Amino acid sequence: MKLIKAIVKPFKLDDVREALVAAGVEGLTVSEVKGYGRQKGQTEIYRGAEYQVNFLPKVMLEAVVDDAAAAKAVEAIKAAAATGKIGDGKIFVLNVEDAVRIRTGETGAAAL
Amino acid sequence: MLLSTLLVLLMILPGLALFYGGLVRQKNMLSMLMQVSTVTVIGMMAWLLWGYSLAFTDGGGLDTFVGGFGRLFFKDVTTSSNVATFSTGVVIPELAFAAFQMTFAAITAALVLGGVAERMKFGAVVVFALLWPLLSYYPMAHMVWWWPGPDAIAAAPTDPIKSGLIWGFGALDFAGGTVVHINAGIAALVGALILGARKGYRTEPMPPHSLTLTFVGAGLLWVGWFGFNAGSNLEANSYAALAMMNTFIATAAAGFSWTVTEWVTRKKASMLGMASGLVAGLVAITPAAGFAGPVGSLFLGLIVSPICVIFCSTIKNALKYDDSLDAFGIHGVGGIVGALATGLLVNPAWGGAGVVDYTTCAADGDISTCDTATYVMSTQVLAQFKAVLVACVWSAVASAIVFFIIKYTLGLRASADAEEEGLDIVEHGERAYHS
Amino acid sequence: MLLSTLLVLLMILPGLALFYGGLVRQKNMLSMLMQVSTVTVIGMMAWLLWGYSLAFTDGGGLDTFVGGFGRLFFKDVTTSSNVATFSTGVVIPELAFAAFQMTFAAITAALVLGGVAERMKFGAVVVFALLWPLLSYYPMAHMVWWWPGPDAIAAAPTDPIKSGLIWGFGALDFAGGTVVHINAGIAALVGALILGARKGYRTEPMPPHSLTLTFVGAGLLWVGWFGFNAGSNLEANSYAALAMMNTFIATAAAGFSWTVTEWVTRKKASMLGMASGLVAGLVAITPAAGFAGPVGSLFLGLIVSPICVIFCSTIKNALKYDDSLDAFGIHGVGGIVGALATGLLVNPAWGGAGVVDYTTCAADGDISTCDTATYVMSTQVLAQFKAVLVACVWSAVASAIVFFIIKYTLGLRASADAEEEGLDIVEHGERAYHS
Amino acid sequence: MLLSTLLVLLMILPGLALFYGGLVRQKNMLSMLMQVSTVTVIGMMAWLLWGYSLAFTDGGGLDTFVGGFGRLFFKDVTTSSNVATFSTGVVIPELAFAAFQMTFAAITAALVLGGVAERMKFGAVVVFALLWPLLSYYPMAHMVWWWPGPDAIAAAPTDPIKSGLIWGFGALDFAGGTVVHINAGIAALVGALILGARKGYRTEPMPPHSLTLTFVGAGLLWVGWFGFNAGSNLEANSYAALAMMNTFIATAAAGFSWTVTEWVTRKKASMLGMASGLVAGLVAITPAAGFAGPVGSLFLGLIVSPICVIFCSTIKNALKYDDSLDAFGIHGVGGIVGALATGLLVNPAWGGAGVVDYTTCAADGDISTCDTATYVMSTQVLAQFKAVLVACVWSAVASAIVFFIIKYTLGLRASADAEEEGLDIVEHGERAYHS
Amino acid sequence: MKLIKAIVKPFKLDDVREALVAAGVEGLTVSEVKGYGRQKGQTEIYRGAEYQVNFLPKVMLEAVVDDAAAAKAVEAIKAAAATGKIGDGKIFVLNVEDAVRIRTGETGAAAL
Amino acid sequence: MKLIKAIVKPFKLDDVREALVAAGVEGLTVSEVKGYGRQKGQTEIYRGAEYQVNFLPKVMLEAVVDDAAAAKAVEAIKAAAATGKIGDGKIFVLNVEDAVRIRTGETGAAAL
């Protein structure tokens, strides 16, 4: 199994979720994160205090999928999240050794 | 009067700003607060410079529709000038009257923003704050509220009585149902239509970012609204107490009936429904506050919310316009319901205050000494209907002109990117919350 | 008077709603706001329909305990009806009086919700809003405040003076310590006991979701409380100024002494302690506001907080009842402390206003012309004690009846699932915050 | 008067507390709220015990600078004592006057906290709340406001007129520009310098944790400020209406001009700029509210914000002091601008109210019957300048003494760890928000 | 070492923490997340706008444990978090190559 | 590629980010988390209710870096985040199998 971690722009969250579901992913977990990267933040100014905002709001999706389904899921995210503009985000793939569904105790791919 | 003025300020900042601000998404929070504030401060300055004059002076040849230039820059508005109330010989300082009316002008324009929230460009809002009152608010206020006062009439009893158009219909509007709510509600609808819907409208969720703030706003609106309704009596007497009681009862009833409507149709009563109902009740009772009896107000409150619910959900969804924060659905619709109902609830047989025979008081213009006229339901409802119609048409046309002017010059909408990233960071360079 | 009424509304919405709302967990925020609003709007409508009549009319045979049906549906309450103040011949519009009292009825029932927060079913709250005032608030208000007024007494000076039970004790209660605070506090305790504790109480942390909101609520309560305390004078005079000064001093002192208590016992002074102390001070000064002197108020403020602290921590923890937001610990306990202390602080030797010899004014009933009676501490304290006792017993019994009725019909508690998921989403279908 | 007192309370809690609280980082939110509340409650108790006496009684030999001990513990302040207004024979209850002034004392000390936020130890704040008014506020209030009143003067017309130092200059200060704003602003600057900058100042971002709260605070400040400005008239008349109008116009103009300044210099108008501008306008109009005309107020508002912007950004950044929430940059600078401008705007040729010839009214001391003096710009501006200078110097010296005393006894700053972890958890054992 | 990622219902957080501690886990890190899965969200309605809430509030616990302790930790979570109702959550196990305790610089299992 | 997960004290975030950038890391993602560990929380007391705060506010940085850069990045974090006091936090290193830059579709190290 693979853990697919995708960091995308917040307003793309719904599109990406739909794309993943369409690609057969049945569960995922989302966190609100702040991202630092090539996309430079806006300058925020509060009264006199001006500073470069290094971190931009992003959302991180984490979905564990079957090995077989990983490539398709990555594709789905890529297609749904791309705007072609800097800051579109990243997808990382990690190996997962085991998965458990708490409710039933099922493990492995059956747990996804 | 001074207190009432304060209360109306409380309604705008922070009241209305929070009510609206809580309903937008977090990324547009500051833009909402900023737009409300900007419209308010510009409205206040413009009132001093030209607004007061255009609303509350004799407009000469155009007097039926709009005032004149006699009080530009508050010329001759001093600590020794006074304006008439409804009783002969009773006056209030003109500065107090002008301040009270200034807050009305400010809040009306701010209300419109609810229809165009989350997508209108800040620059466009600035221009709107200048233009819209010129074409819509000042004329409407003049049409509904302008008359020279009982003392002036008493001084020249044989002259024909001057007044704005809608005042002349004999339509009843205690505290601005037409001028404020119908006017703002229609403008919001027109604005929403001309701007078009927000990106993602009806496809992505756009939940309110803080219903707590919306609730606080609704509570402050209620508290402040007494400035509207009791202050509109101009004199403090037992009619002010009646206006207050009605403002309590109709509001409570409307809050209740909105939640009951939800409970019946969706099995759940929501806090937002309660808050929306409270505001709908406040809107509906505005024209009727000094005319209806408490039991009449109870009925008005119970009736207005279900009607607003229909507009805010069924009709809006069917017609697919994006009245983002339901400025039309609550202020426009609630204002129309209230204005029409005023014609019924004033019925003395139903506990209302009855109408006044203006012919018997024309000699001195003092309303408090006029005879009570025979209330004829059809006459009164017709007068109300005419007032509503004129207000709707005027507001729609004036607002359309204003929005189209902006659209074809400066542009109305923020860029697609700004809409996605949020207006706060793109237009104002700030974010509402940090940790 | 009108202003005071507004201020009491400000205390409820948004004041009390935020004070309580900030203290619950995020998942129950809207339910808290919704419950406070619902109890308020139902309370207002019921006041119009039957509450005012049951509290403030002659109850015939039951007059010692409750009013009658003479003003159901505000019958005969018009712009020309008046009610008496404490001075012969001075009257205020009945609509203003009824509106003022309406807000008291609303806030009292809302205060009770602090004891049963985060677990009471919304439907049960609706029924509570209807039943509890019938059994507890209207009778209590009648017992403490009902008398026909000086003019009525002057008109029939030989008749025995009618009045509610507690008024007859000669107990002093300036602005509703018994009717509002003891009554609500006891009801909250009874409710907490009958409902049982929240799931996870004393095992999982249940920290307040926003102390900022609680602070805002406390601030608005303070501001609004002047409506309670200064408005209860009915006439604006230098006694209103005294009531105001006392409300400042006692509140400041109680805020201070709560934090000092914490500092001494826990080495840290908390903001929640400050906010709680402010409210405790407001509660305690309520019955004494027009009777104590400023220095007496200072002492009262300093004393009330440590006593409340004991109830909110030591005793509550020892007895393991879940008075979720300390409605009993602050309103009940603070109210009792204040009521008893009023008997002492009125002592003219301690700067108090002294008591009045009612026998000397029975002829015309005008309190302002009565002679000052000799203050006898034991007599006065006894009268206060009797009043407190009757209030506690009545409220406990009435509340128990109401809560048990609901428990065995509709059920009191939300489902375990709802409690875990949060009442907001399960009962109201909304969440307070989105990003 | 009573209402104005309430409004000033609303300015402090929750107004100022939220305005400041929104600007700090989340980890210091409760400490900000707590510091404001603590300074307020201590200030109120101290006012009763000694403050009122030191500010508003005859100080004997030191009368030029400070009051005496005649009213310690509110001795002889009863429901039957009165104080003079500006008209002979018109009095108000002393308790009302004392309560109104009490709120001024409380808010002034609370304002200072904006300069030292996020790093001052709670214990140090407690001591500051006791000491600073003794050395700075009470003397300053005495110097500016103390005079025995027209009746006293009429009773002994041949005696030299006693008064505080600055009152004697003939400087105009309608509602406390010197006593409140310059005083607090300078103290905040001195405090900021003596404490030193926050850890990480100018290297890490310290964005406001909730501009929404700051906005709410600004709105409540505006609403409450009418208590300051209209209430300072002591009598309600058309001058109160003028003060109100000016408070609207200058504030709106300053909000507008701050955002325009930002727009021009940074291409973006920020909500915080709007809120800051509103407050700057309120500060600037304070001394001028009853003296300027509405158009003059418009100019004052337009001018004050750009000057404050320079101090809050360019100068503060250049000099690298950490006036954390710009208490000096807005209250100090705005106060000075307002005080000086008052000398110009009172000019009757510019629509101002003109100055009064005190020699013609010395006989009875009744200002309302004095002749209008010839306005000489240079004289008046010089008087204003002297007042500002004395206020700045006195406040700087007094504040330095207080801050140094604390620094070398108890210590001023929270520990480095506490500053990093946040004062909320370390000093108060709580966190503002949980989910 | 293994990284155990558990997504559970928020009100179970304290129970799970206690179970993990009882199972010998000495440190963990918690994020508030939103989960999408078989458990369908409630419908939220805001005035007219009704929508299916796809994401439900969950908490994600991440604990790095010794290889040997992993199974026990998974068991502990499973036992503490299960209610038997849909939406109870998932546990994922990933391999961790190294761990460092910042304070001391210790690495490997000693750092946990 | 490696995923470096560092849990550090919130006020160290900016220092750590700068150190990572100086070490050549070009992107990272940050979440606000609550940590449980040896560092005992403060006691929070709300009116009567006193409880031990088990969780302390922390931030978690996640950066995916080239295998070669991993050691340097870990060092950089360690140096910047250490105060020597308990609760300084942890760094975990996991293996990442693939990375994708959504904007361009680049994969592998080129995507970082």
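Chains: A, B, C, D, E and F, in written order; residue numbering restarts at 1 for each.
To be clear about the criterion, a contact is a pair of C-beta atoms (placed from the backbone, for glycine too) under 8 Å apart; a residue touches a chain by one contact, two chains touch by 3 or more.
None of the values given here were measured: they were computed from a predicted structure.
> Check A-D against D-F and say which one is joined by more contacting C-beta pairs.
Result: the pair with more contacts is A-D.
> Which option, A-D, C-F or D-F, should count as the same interface as A-B once over half of the contact pairs match?
Checked against A-B: the matching pair is D-F.
> Using mean CA coordinates as chain centres, what's the gap between chain B and chain E in Å?
Whole-Å distance between the two chain centres: 51.
> Between chain C and chain E, what distance separates the C-alpha centroids? Give it in angstrom.
46
> Would you mind listing the residues of chain F that make contact with two or more other chains?
Within chain F, the residues that touch at least two other chains are 31-32, 44-46, 94-95.
> For chain C, jot down the residues that touch at least 2 other chains.
3, 205, 207-208, 210, 216, 266, 268, 270, 272, 429-431, 435
> Over in the complex, which chain C residues touch chain B? Could you list them?
By the definition above, chain C touches chain B via 2-3, 5-6, 9-10, 13-14, 17-18, 21, 29-31, 33-34, 37-38, 40-42, 44-45, 48, 73-74, 77, 79-80, 93, 95-96, 98-99, 102, 122, 210, 213, 216, 424, 427-435.
> Give the list of chain D residues in touch with chain F in this complex.
Counting only chain D, the residues touching chain F are 200, 203-205, 420, 425-426, 429-431.
> Quick one: which bits of chain D touch chain A in the complex? Just the residue numbers, please.
23, 205-208, 262, 266, 268, 270, 272-273, 276, 312-314, 316-317, 326, 329
> Flag every residue of chain E that touches chain B in the complex, lowest number first.
So the residues of chain E in touch with chain B come to 44-49, 51, 53.
> Give every residue of chain A touching chain B within the complex, in rising order.
Listed in rising order, the residues are 9, 11, 14, 42-46.
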